[in-house]
């Protein structure tokens, strides 16, 4: 679990609620009708603009964002190099057991195809289709959070306009104007908070998670192609290490 | 029919009208001249910026957005694999009846060409042109909703400016300022509602529908190319399943 | 002539002027200095940012937007198929007269080269350069309207700031504040009208016109390549019809 | 020298200063501290975000924008066709003198390589690297003006916020509020003027100048490749003329 | 060390603090709770949207921005040409010592592979993977500064909304309204300063630094490929000089 997101959420919300508490207290900032407009309206517009199953997945995308599958690229490279060494020494069929016991679905699929003797082009084709489609689904999922931010901002503005119109029609009592306008501004505040504390950052984080997963899949794809064509394990390692930042590169041959 | 969009629309509008009703009532939010400016002005600018036939299609694009042709990718893959099995067993001419009875126009066209013995490159060329042009038309159609949102927002602002100028020239009676400004704000409210409840979400939904249709067409295209070159149906199925998310993949050979 | 643009322009302007008339009358909305700032300033910034000859072409781009050359794609496909049939029956030299009498410059050029026996690669090269350069010029021309919209909005804001500063320095007479601010807002109103009724919609329309012209040129290019290589006219027709929406496809061989 | 930019600058500034003069006079619009914030702050942020040498080049980019090297494409095509004719008649070595006397550096370099007998791929490679790198430098240079506009707008807003805070803390004397707010708005006005009269239009103009230079270089590149491979000068001319708009095409063979 | 950034920072901040001091003094512009909201909230949202290790790298990216590794392209070209001359004269193995003593990691890696007799395609592959991955990491790092700017602006707006609501609920004492609103505006001011003095300019600068590093790596890659294939050093120099602006090109053969 990546604690940064949780720490960031707690930190940001504490500071904002602290600022509210220091002024007029948190109470005046909580207004149920305003919440209904922004939270309900944002949910409503997401329902309009996405498929039900995509909305249902929101929770699991959020979970992936804050608790991503651990990608240890160096460990993965080690594994690919070991498979490569084994295949060169004992033949590719020696990897059959490894393929069956592999927990990473993508690696398992690729290894099995290599063991089964599929054509290199067929393997590359299938794995690349898988990667492209995964990346495309990830992009759509991240876009839900982006759109959520945009829709929340718009609902906030719509709520404020509704409140302003009501306030402007009731200006007989001057002492009521301030509080009425305060309430009208709350939807804008809620919209800005949803958009900037949840929407934009989580969409960004999902993009980073996707980058990590795609890098892992690229390492696997390149590894399997090298295993199948019987490349030298040292050459394979050098190639795979090139995907990592220079200071993280660590060879198992030293 | 995908209920999400209808539910989202009803939910969002109920919340907003509920918020109006709870304050000063819905009546003050309904102003015919303001509606004319925003709805008429948005229609007017769409007429300026698009071809008449594109504007006329708005209703049918909306219908496609909320009631898309059902795409059952797994079912489609099953069908392609069956055709492939049949063609390998009985020859490609055995698919002539299937081609004639096929209701999906794109699949029918591809199958017929394969049965007629067209060159693979010719088939791929024709089907890809069809896909590219369809995607390009879909993009334009979705952009009408996007532009509608932008134009509605602008017309809302223009209406508010017209109202503000009138209000500023009539400040003799202070009690009239509030209501005049309230009315001036209504066009901005209408514009924001059109743009954010209809424009942006429907444009997004049309993009998702287009993605689904393109995926179905890709499955068909890959299937027909494999049928024609006599590929192994299991290999074809493995390839086509790679286009789906891992947990939706279900082989008919197990 | 495509009436949609004219209807849209008349409709939008009527609604806006109607709204002005219903309030304080059209008179107060017409202010010559404000018009000079926005119309003059927009022209001025366009002169800074484009070449004189591009600015001079504004009128003709506008004319193309509202009165585009008629593109009858089906008719064009018919013609290409007829040329193809003739060339297969009587040899490509039989098209010499057709080439000379052709009014479409692009088709004439391509046909003449084919009749003159130019290499297929040379013909494709020349026609593609022509298309690319045309598309690039069209994009620049459409961008003038886009930039016009942006510049008009900015000039509107600059004018309002100038007016606001003047108003703020003259607040001795409270009854003059309202009218002074009203006048200050007029430049913003003018800028928004230019940008959203002319700028953005016409830029969009020019993009659509360009798409139509490019489609026509693609049909011609594909047709000439097929004529030269002696393809079957039915195959050519099938290919060209793939560029059109399914329901517009109509074969002349049925 | 392209007068459009100068005319546009004079026209826009005259109108704006005229509007100021007509109101409260130009004096109140000139405030040295506000100018320092916007002009100094914009320069400062440009220094942060670019390399010193790029900032130093600002003046020369501006000069290129308003006084570009004259590109006479038709004349250039004529020259390429003449070189081509000469090379076919007298051999490519006959161009040695022309290469030495050529003032256009890019053409000189290409011709010299052709005369020296470099491989066609080497020549194309070198000239394309030159073009790509030039285009990339031009894009960065134009982006300085774009960023200048953005930074000026931001500095304007920051200045206004600083002024507003000062004003809000000094509201004891109501008659001072108006003038204080007027001064606060001046930075926003300056920022908008820099961004919209210099920044955006000059960035756009530099993009157009780059397009012209790239077109000239493309004509030279294509010409040299054709000269070296001994293409027919008429074919070369037809190809090069395809880069120009139809009505500017003028053959020297008629 | 590139002094421009430091000069720009000092200059911009001096001007802004000078403007504050000239008005009501710097004191009223410093408000700890407002700072906590903007600085803390920006840090918090960055923590949500990025991985902890990326946030930790912020300081070192900033250092690279203001004190980049010196890239002397002409010197680098000289070195590549010398290596090339040596390899042609004494064989590629003569570069073994140079490879071992090379301080530039990228050049060392490429040279070593060439000396070890790796295949040209393998070398190009590895070096290009390295470049692509480096560019992609650089882009993400620059985006942290961009997002920091956006998040700071949003936190500024959220803080101002919180302050406005508090102010509107406490309008009993009119003399307190001004100062309360002044404080509310401070978060917007802080957000705008972070975004426009640090965020956007540093992101831009990191993009420029990345461009320089990529250019250096491209020169190395092209050089190594030429050394390995035994190209003429003069041809190599001509090619590498094409990457530089014309007036910086300086041949060592003259």
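A, B, C, D and E are the chain letters, set down in written order, and residue numbers restart from 1 in every chain.
By definition in this document, a contact is a pair of C-beta atoms (placed from the backbone, for glycine too) under 8 Å apart; a residue touches a chain by one contact, two chains touch by 3 or more.
Just so you know, these numbers come straight off a predicted model, no measurement behind them.
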Next item on the list: Trace the shortest chain of touching neighbours from chain B to chain E and give its length in steps.
Entry: 2
Next item on the list: Determine the centre-to-centre distance between chain C and chain D, using the mean Cα coordinates as centres, and give it in whole Å.
Entry: 25
Next item on the list: Find the geometric centre of each of chain C and chain E from their Cα atoms only, then give the gap between the two centres in Å, rounded to an integer.
Entry: 40
Check: Touching two or more other chains, which residues of chain D qualify?
Finding: none
Next item on the list: Could you tell me which shape the graph of touching chains takes: line, ring, star, complete or other?
Entry: ring
Notebook entry, point to check: So if I start at chain B and go to chain C next, what's the full loop of chains?
Noted result: B, C, D, E, A
Item checked: chain C-facing residues of chain D, complex -> 2-5, 7-9, 11-12, 15-16, 18-20, 22-24, 28-29, 175, 178-179, 181-182, 185-186, 188-189, 192-193, 195-197, 200-202, 204-205, 208, 211, 235, 238-239, 242-246
Notebook entry, point to check: Mind pulling up the chain D residues that touch chain E in the complex?
Noted result: 33, 36-37, 40-41, 43-52, 54-55, 105, 118, 122, 125-127, 129-130, 133-134, 136-137, 140, 147, 150-151, 154-155, 157-159, 161-166, 168-171
